[in-house]
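For reference, the structures are reproduced in the following blocks.
In the two complexes that follow, chain A is the common piece, with chain B as its partner first and chain C second.
Here is the complex of A and B:
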């Protein structure tokens, strides 16, 4: 391979250096196994440096609206291998480098080498590899290289995910992930093969260069939606997601949810960009998939009692919202409505960035809670705001942001989507799309239920168990990344103009036909008003709290217990729990969630002790997909005879296959 | 300029009066003299001077709750046009911010309630979260219908667009909208039949139970915030239900004040003649309200 003249100071050079640094970051740790902790320190340093280099490179490219293209001369028979960083790639590079660096620093406190001698070197190595593969993924422009990097990403994610593989539940989550991701990859093989059939090259076609009406376009789109949808966690392909995110170490969950899911979104956006005026039904399909994911994702999140499973389900919701945005943009493109296109795509890309800030923040916060209390069950926490004030403040920032409430960043992206729906309601002849606004409002309301529950039950009130009483503030390595992300959430919420300017070049890349018209539309969303209103809320709240403090000082203030409505022996176990908080909502959506309760019968006046259990199952996985796999496994069990467990036999198989292929080719 | 000044003065001074009017109406129905109209003002001033009791369980969130709730409601009050006058702050998409500021306020009220660790307040918070989530789509269905009818994306033009002729032209959809929004008005402000602001049976309440532990100045903030929310949502409702306008600025202010007082009286009447609904019926009524305004939207969109 020979990469033609990439300088170190050149932004693209910075990005590739950063990727290489990330990819190799874990290698010293694998070699220096006798000096415990040195490898992790080197890796953290390398990933932080890689983050800084990569971010500065990507930001430079975005600000100058430049596209850098390189050709790698490889000897593989898949045509020229092009690497290119256009603003769209650069935009996706931002979260990759930022969250990897944050995760690496967090890991020093969360997964210290001294306590995890066996797992740490491997975890660090694959973490770096995951980060590097994602960075390469968004820059490659060749289908075959894309699939190779995709596979490296999928496998390194698998190996980081099963860090605690002695636990059966972790292994099971790993297997489900592995099967799901490879099913998706299979669809991508089909897609890239069909794409090659259209363009006669594995090279990615230029933006807007393919006609969408031709035959394979529809199949390519559907297979892409399936293949990338599995990675992104769109419903109904989300089955791997909750268990995988719950069982991975927290900084891995942060990277998986904050960044890796977005690779699926990147793929969908990139594939659509090849086509000139995609048909309307593409947009409708995306919109439908997004709406179902968003609504069901948040409903499932309400029922969860495991903090990381809850956050994972909410990722499904957020991916759904992003997909709604992409769908709106495609509908805009199909109906030649630039306002809809711009608002939809800007909303989607902004929500992608926002979600990659607040979700890792929450996952790192969840990691801090698990680190302090040793449990993932929020019903066993409680009262943690008292011993962990800083964590609780950062976590609250993430919670307000993820609920989409002003003045934080989650609101801005939803604001753009709402504007899209409302502009459609105002002008379109038959505004079906307007129905999106009440739907988004319902999703927002459900998100508030879910996250008030999470924050209230974990951080507020009294400690529910002895574990919760052990709550303590973690070291700076864990607080600093959360602080950075919380700060970014606040500033992105208060300065939405800056964020929209960042994604403007990416939007042009996606829809080059708009390049001249955007300024007209940029005038529509008056984002500076959001700055003013958000600042107004904060200033007014500040003023009111000064007044309150003054009033409190001038009159006597007494302490005491919480008013128990006359009951004199309140106990911490009497507090509202996560299950009871969500119960009203869960009952409303009982038809979708199907909560299962084992209600014991208590006979007689002095019944024996009985056990009550309630759980929410993953209906799709447990009722449909696992039985299907079981049947498939039985039907194809005869193939097991080929499986001998001897490596040389497998090599023989490969050789025989190659010979057969050679014979077939001639 | 004068209009903005009047807007600010009315927003600052009028809200507690509405509570007074509702109280007086209910007293009249019960055959009592009732507290004076200005009683809510005395209550708030008294609370601001009083000492406080803070539960040992609570953290700073407990104090932040009333502060942020009031701040968000105040900013929302700047976005709503009063009577036939534009609001001081208006921009494209301000209705979305308007709706979400109330969500922000609600979020912090619920967080403050959960901060006490009381199961009663947890109960209230859970109910508030669920019911408001069901009320949210109603508001957005209505906003879409309004945006379509007025061909605008801002509350000021959207709401000031209406006149009596709209009632004559598309009366059916207006009637449906008014029905849906009236239900939301009552539910959002925790009035009967959804919630009883006067009851002392903590088990049955929603909003009041969430603020059980607040006292002194912080409770004063809450009381004023609740009155302000009633004021803002009433002003929103009046635009659609009673779109009377003359064109004369002062006369329009007079009409606005009178119609606000009439609406407060109507709420008082509703509270006097109705009983509180059973808790399981509340979601049904809220969903019905959503469907009413969805019908209105369909009629207008078609």
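Here is the complex of A and C:
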């Protein structure tokens, strides 16, 4: 690249410097293996610095609504390679740099080099590489470089994910992830090949430059939806997601869920932006896929008892909500309804940003719990709010945000979507779109059940096991990133105008036809009222807590086990468990979840001891995809006979092929 | 000049038969070394003088005539193996097959749509014949060293074909091919030593438990 043109103070220069810094951050650790911990310190410093540089660069570009373009003169035979940072790219760069820096700081406490001498250098190296590859991914404008960086991202995520590869479950999760991501990449190869067929170049076409009616457009859209959908974790392609997020180290899960899934969303949004007036069915397909993901994702989340699996399933839900937003925007574009377009896309982009704040917060919180108690099962925790008050507060903030409850940021993005659905109900070009509102409400309600369960079982009540009694507050390295993210969640919820201003340039990049017409985003939603109402709610809550505290101090307080329910000697095993709390919801959606219960029959008045066990399987993976693979393996088992294990026979195969080709040519 | 080149190519094809017909490892290795030197001389005869050409010729002769045979002889000495005992197909049969393939190569080469200046040359038939001989050695011999020799002959066949393009081929490509070959042989030599140390035999047809 022509570095001389990119000064250090130039925002684009800052971003590329930040990406390079992140990519190289793990190298010293690989080389300095005899000084334990030094590499991790260097990497953390580098990633923090990279985060600061990258964020300032990206914010500058967004505020000035500028697009920086560079051309790399490479010798590869794929044409010139363009790198460009437009506001849309810059918007996606924000979570990349922010969460990588937070994760790196968190790792110092969570995965200290002194305790993980074997795994830490590799983990740190691939963590930096993952961050750098994602930063390059959103800035590249060449299909070939995009695929290369995509692969680097997928593989570095794989290597960070299998940090604890001695564990069989981790290896299995890694394999499923690897297969899934490469299936997706295959679709992307097809997609970019077709795109090249349309534009005769691997260069990305300009926004709104291609007709959506021509033949390959539909195929390109569907393959893009599949390929990027696998990475984003859209519902039929989510199979890799819960296991991968659960088995990765927590700060990796935070980056994977908070940032890497968004790369799939970025891909879908970017591909759609090439086409002007996409057909209506694109939007409907996105809307349907998003609805299914959101609804089923949150239903699966309710059934989970593993804290990280639960959060992973909730990621599927949130990706679904983002996709619903994109779908609404595409419907708006197809029906020439700018209000719908603006509300849908703003909702999607805002939810993308919000999810990348509160989900990493929750994953880091989950990491803190795992660090303290040594287990991922929430049924083995309990009562952790008492020994871990600060973590508990941060976690609660994340939960209120993810449930989409008013004073916090999750509400704002869902609010925009609600507005979109209702505005469409009034004008009625596509009347069934109004059905989205009750669906979104149902999803929100289920999310509340899910996270009340999580918080209640893990933090409230009495400690359920000896492990939970060991709960303790972590060091500042783990608390600080969570604090930053919690603060951002609150401020993004209270100042939605700032957030909307951030994503407005991205919106105009995505749909240039809006630019200069009128500023609908600022006009339609009553954002100022949100600030006032949110601030009011917070003030009210603060005042109430002060009053309650005073009363507690004045009145005598009787002690007793939480949820004792009037028993004389309540035991911790009498508390609601995660399964019993979610039981109603699980039974309600039994057809989808298919829980497996071993219900013992208890005969007579004095039955013998029996065991009750319930298990929730991964329906799609275990009951459809794995059997499908098995059947395929059996059908094609005759091909195994070709594999004799003798080198000579293999040579003979090549020889015979060659001779046959010669004869055929003859 | 082309007549001298043709004579060298005839020599190359005769050496193919030497390798096919001999059971002694030492003879096979020396024959392949000679083949390599003969091929190394060819580009020098074919094209006009240039430093590029000198590099190719020198590289070929050093790699195929000296370094690789030396590595192979070392492997033979360490594994204490002199003869290829009981190949899958007997020596006479392989010789006959080799003759048939060489004849077919000539027939086939005549049908290829070549540039006019390349027609009537021995290059294409010699190349195909050597290629097929390499495959024949690879498929019929058991010992790992014979496999390496087969691989070398195969590569020689490809090199002859490449000679038609030498002036157009950039140095980097040729250097890459040579380096590839050298590293390949080097690794094979190491593997042969390890196989013979582990299993007290370098019979590759017994290495079937490695399959899935």
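In this section, the second predicted complex is superposed on the first by the 591 of 666 C-alpha atoms of A that agree within 3 Å, B and C clash if a C-alpha of one lies under 4 Å from a C-alpha of the other, contacts with A are read in each partner's own complex, and residues count from 1 in each chain.
Note that in this section contacts are C-beta pairs under 8 Å (C-beta built on N, C-alpha and C of every residue); 3 or more make two chains touch, one makes a residue touch a chain.
It should be emphasised that the depicted structure is a prediction, and the values quoted were computed from it without experimental measurement.
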For A:557, select first, second, both or neither according to whether it touches chain B, chain C, the two together, or no partner. first
Quick one: chain B or chain C, who's touching more of chain A? B
By the touch definition at the top of the document, which applies to A:662: first (chain B), second (chain C), both, or neither? second
Examine A:472 and indicate which partner it touches, taking first as chain B and second as chain C; both and neither are also allowed. neither
Name the contact category of A:404: first (chain B only), second (chain C only), both, or neither. first
Looking at the overlay, does A:336 come into contact with chain B only (first), chain C only (second), both, or neither? neither
Going by the contact rule set out at the top, does A:646 touch chain B (first), chain C (second), both, or neither? second
So in the superposed three-chain picture, is A:165 touching just chain B, just chain C, both, or none of them (first/second/both/neither)? neither
As the complex stands, chain A meets chain C at residues 643-648, 651-652, 654-655, 658-659, 662, 666
Using the touch rule from the top, collect the residues of chain A that touch chain B in their complex. 382-383, 385-386, 389, 392, 396, 400, 403-406, 411, 414-415, 418-419, 421-423, 425-427, 430-431, 434, 437-442, 444-446, 448-449, 452-453, 455-457, 460-462, 524-526, 529-530, 532-533, 536-538, 540-541, 544-545, 547-548, 551-552, 555-565, 570, 572, 574-576, 580-585, 588
Taking the complex as given, what residues does chain C use to touch chain A? 88, 108, 111, 128, 131-132, 135-136, 138-142, 147, 150, 204-205, 207-212
List the residues on chain B that touch chain A in their complex, please. 48-59, 61, 63-64, 66-68, 70-72, 74-75, 78, 89, 91-97, 99-101, 103-104, 106-107, 110-111, 114-123, 125-127, 129-130, 132-134, 136-137, 139-141, 143-144, 147-148, 151-153, 202, 212-213, 216-218, 221, 283, 290, 294, 297, 301
